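What follows is a pair of complexes built around subunit A, which joins subunit B in one and subunit C in the other.
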Partner chain A sequence: MVDFLIGLFLASLIVALFTTRLYRLLLWYSLNSLTLGLLALTIGSNIDDDGMLVTGVITILIKAVGIPYILKNLSQKFHFVRQITPEIKVQYAIMLVPAILVFTFYLSEPIVNMIHTNANYVAISISSLFLSLLLMMEHSNVAPKIIGFLTLENSLFLLGITATNGMPMLVELGIFFDLLMAIVVINLLFHKEEMKV
Partner chain B sequence: MMLALLLAPALFMFLVSFLHNEKSKYLLAFSSFVILLPIIKLFTLVKPYAILGTYLVADKLDTYVLLVSSIVGIGVTLALLTLDKHVKVSPKANRRFYRFFAIFWIGLIFSILSNHMGIYWIGLELATLSTVYMIKTNYTPAAHKEAWNYMIVGAIAVSLILFGIILMYASAKPILGEDAMQFDLLLQHAKEIPSPFLFEMGFAIATIGMFIKMGFFPMNLWLANIERASFYPVAALFSGILESAVVVGFFRFSQIAMEVNYDHLFIFVFIYTILTIFIVSFLIFRAKDFMRLFSLSGVEHMALIVMFWVSGAPFAALLHFGAHAFLKPALFLSTGVLESNGKYKIAGALRGYKGKRGTIFWFLVSLFLLAIISLPPSPMFFSELYGFGAMISTAKESDHMLAMIGAVLFLLILLSIIFYRFVSIYQSMKYEGETESKEVYPSELFALILFALSLVALMLPDTLHYLKSVI
Partner chain C sequence: MILYLLTLVLLVFIAPILLSYIKAVKMVLLFKRPISLMQGYRNFSKLLTKETIISKESSAITHYAPFLVLSPLLVTMFFLPPVVEGAYYVSFVDAFTITGLISLSTFFLMLLGLDSASAFGGMGSSREAFISALVEPAMVLTIFSVSLMADNLGVGQAGVNLAQHFPKEHMASYLFAGISFFILLIAENGRIPVDNPETHLELTMVHEAMILDLSGVYLAIIESASSIKFVIFASLFASLFMPFGLEFSAPIAFVIFILKLFIIATFVALLEVNTAKLRLFKIPNLLGLSIVFAFLSLITFYVLGA
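Right after this comes the complex of A and B.
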């Protein structure tokens, strides 16, 4: 089950890299967050960690439902451009993505040998991190860059779950709080009517 | 109780920022003064002092950083009182600035006082996010663009720090469990960490994140662009407070990394900082406006602080840190007056001041400009002497004495380029160009006097003794 979910996590991120429509990108982000939440729930129940179960539920509520909903509302309110063509051509991206995956598996080999729980997942979280950075880089529009930042945060969360069997509850709640704060700031940044002094 | 006292002024400022009264700006400035009181109280307590269990612990290092930051905060709020006299700013933007300044303070208090890697990161992220909106209080397209840039680059930097923290936590979790997040326990058990490579990897990634935030190589220009686009108090906050929170994190992480493998840490950080100073010295040489000049000089000084710290000279690093934290915001705040007649008018910028206020202003700015390039009796002169001395002492214990002497000579050449540029700019400000009248307001002057007094206090024997006892 964990293998299936982690595969789905990576797949949703790869598909997001090729998406050319904003709402579709939000959907892939939502699915990415949903798989992350389900992963936390599965691993949490496997190792009997109540904190991780709570984290999983909050992830699904905030990241899979709340944030995509808020971002969709923002896009309608501020009339975002919905056609988001990546700057990197598809034929190059198709070569770049597997190259990143192979490179990160090779890069993380020494680390993988030191982590005994869910070792290969660490490599996947690091490759997700690079793919999220790629998502931020390949778009010139702000909205996909925000999604890139949010998927970057998902990748770090995945690393936290897999490499350490969950971070302390206090830290995870703090990260959620900061994420909400980021959404508030993003909302304020879109307001342009205040340009008049 | 102490935590409540520390947070109360910031919460008060947050609430007052919602008032629409004209006079509320004085209340906001007052609340910034009040922040100093609990910090002075904290100074008098026996260290380490547990503020919130093992999560927030005040020791000598963080109390010093917090005191320096609170003085900078007071100076910035004083300058904010007359911000509308120099730039176009709406009352709404002014109030929002204070609202985010309050959130920024809360983030900083948690970040600086944390004994926990996770809480350090949460505080830093909160402070980073709150500064994003401060940049946007300048309602220009350039500031709007730079606010987004900051949001994205800042988020990447902070994400790298979290990535590093997770790896460091994973490396120590087998021996410490969930306590592997605590700085003091990690330091005590550094030699027992079962996977030192994993810890070093985490440290390197977190350090790169922190260096990006401080504008180190290869991200040399983003900070300068942001500080140019935003209002000058934002630049003062960045250089005097936010970078302090970042560097205190570096101090904490590197203390542990030194125990794990000192040679790896030293080579990595030393090469990184030399490369940064090399690039920045030439960028300073080409700088054509005050904000970029001071911003790039800030990067140079942060690199020197980091270099002195890893070279085994914590005293020099802390002295340099304190001097930089007072000098750089003072210079940034004075740009409000210096740029009264145009952004790129360096020639004659120190002329045209009338009356006692004007005379004190240009005299103080001259002193600050010469102090930042380490002319004696600037604290930076002494910190650099101690710092370079420590680098040679460290090399004596290894087989690389010749390489270190070469590195120090190379650094001195780079610093002399910066010295030459600053002296040339000072001469141009004082002796070239036309004399155009400029107004200095009492609150700005008071802020500069506060920074000048703080610099003098930094050189008092008691302060130096305190700094020597920090590590």
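Right after this comes the complex of A and C.
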């Protein structure tokens, strides 16, 4: 089950790399966060960690529903460009994505040797880290860059829950507030941009 | 042996029903009155009684090609994984054979399009060549990675192995292979994001452009070939990616298999209603995604074993 969800996590990220529409990108981000939340719930119930269950529920509520909704509202308010064409052409991305995956799978081998439980998940979360960096790189508009930042945070979170069998709940809540603050700051930035025009 | 033959007969007879079912689901969702599930048979019998007219410019290829389009697909049907436990199956046929047979059929379809000497036929053939060249590597990679997960290179044996031992430990790469194969199912059968089977607009035609000049018996043969191609892909998907229900007794297993085919058809119909057709030069993006997923499935299986 965990393998299936982690596959879905990586799959939604890869599909997001090839998307050219903003709302579709928000949908993929939402799916990505939903699988992350379900993953946290599954691992949490496997290792009997109540804190991780709470984190999973908060992830689903905030990241899978809240943030895409807010971003969609923002994009309607400030008339974002909804057609987002990646700067990296698709034919190069087709070569680049597998190259990144192979590179990171071999890169994470020493780490995988150190960790005994859930070794594969670490490799997949590091590769999704690189893929979300690529998502930030390949767009010149600000909205997809924000999504890239948010998926970067998602994959860090995945690394946290799979590599360490759950961080202290305080840290995770701190990360959530960080994220919310980032959204507020992004909102303020847009307001400022609006004032200039 | 009887179960094997029964499976073949079932697949041949359910093929037109599946395509009519997709059409009916789409019509229900668009608030139209749906066509009956027997419409495929009605069209077939109607076409058999019609006169066959062949263009003056066409050569002997037009007389042979419809049969050569149908026969590789019929041969492929013999190699599919078994539906019922205890049924006879061919265990040594691997990904290359199945892909090769399907592309042999596509090759003769393209020849047929060129042979009619109309502008439409050549255009359709070139488009079909463009799409099928991108489909083949992804299909070989996908079937290979599934057969590796099932521990046997033969497709029929892989289906049996998957049913006996579901690859729980390789769920991630199994999922990637499933996504890739579903994209291939849509692309190779000319369903909506890639090709619209219902229109005769010159901008959207791929499959229809090649068979525009055909009529009568030849058209009936080509139409049944395209429905058999869909049933081949759907049953490959059903036995490789939904490997359950094999262990029941024969009638129940058949019912479960038919249900699986209808579930796949429903998914295809829902996708068709919800998406617009892609521009022709956007199709490599979709198929590139499928190649990425196929490669990813293989790499995840090899390096991580996940």
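One rule holds for everything that comes next: the second predicted complex is superposed on the first by the 191 of 197 C-alpha atoms of A that agree within 3 Å, B and C clash if a C-alpha of one lies under 4 Å from a C-alpha of the other, contacts with A are read in each partner's own complex, and residues count from 1 in each chain.
Throughout what follows, contacts are C-beta pairs under 8 Å (C-beta built on N, C-alpha and C of every residue); 3 or more make two chains touch, one makes a residue touch a chain.
If you're wondering where the values come from, they're calculated on a predicted model, not measured in any experiment.
Participant: After the match on subunit A, would you call subunit B and subunit C a fit or a clash?
Facilitator: fit
Participant: A:Val185 contacts which: subunit B (first), subunit C (second), both, neither?
Facilitator: After superposition on chain A, A:Val185 lies in contact with subunit B alone.
Participant: Answer with first, second, both or neither: which of subunit B and subunit C does A:Gly7 touch in the superposed model?
Facilitator: In the superposed model, A:Gly7 contacts subunit C only, not subunit B.
Participant: Report the partner of subunit A that touches more of its residues: subunit B or subunit C.
Facilitator: Counted on subunit A, the partner with more touching residues turns out to be B.
Participant: Return first, second, both or neither, reflecting whether A:Ile124 touches subunit B, subunit C, both chains, or no partner chain.
Facilitator: A:Ile124 sits against subunit C, while subunit B stays out of touch.
Participant: Tell me which partner A:Phe18 touches in the superposition: subunit B (first), subunit C (second), both or neither.
Facilitator: So A:Phe18 only meets subunit C here.
Participant: Quick check for you: in the superposed arrangement, does A:Gly37 touch first (subunit B), second (subunit C), both or neither?
Facilitator: neither
Participant: Now for A:Tyr106: first (subunit B), second (subunit C), both, or neither, which partner does it touch?
Facilitator: Only subunit C; A:Tyr106 stays clear of subunit B.
Participant: When the two complexes are placed on top of each other via chain A, what is the minimal CA separation of subunit B and subunit C in Å?
Facilitator: Checking C-alpha atoms only, subunit B sits 19 Å from subunit C at its nearest point.
Participant: By the touch definition above, which subunit A residues appear in both interfaces, subunit B in one complex and subunit C in the other?
Facilitator: none
Participant: Which of the residues in subunit A come into contact with subunit B in the complex?
Facilitator: 110-111, 114-115, 129, 133, 136, 142, 145, 149, 152-153, 156, 159-160, 163-165, 167-168, 170-171, 174-175, 177-178, 181-182, 185-186, 188-189, 192, 194-197
Participant: Touching residues of subunit B toward subunit A in the complex: what are they?
Facilitator: Going by the criterion above, the answer is residues 55, 88-90, 92-93, 103, 116, 118-119, 121-122, 125-126, 129-130, 132-133, 136, 139-140, 144, 147-148, 151-152, 155-156, 159, 162-163, 166-167, 169-171, 173, 178, 181, 194-195, 197-198, 201.
Participant: Which bits of subunit C are touching subunit A when the two form their complex?
Facilitator: Touching subunit A from subunit C are residues 168-176, 179, 284-285, 288-289, 291-293, 295-296, 299-300, 303-306.
Participant: Which subunit A residues qualify as touching subunit C in the complex?
Facilitator: 1, 3-4, 6-8, 10-11, 14-15, 18, 90-91, 93-94, 97-98, 101-102, 105-106, 119-121, 123-124
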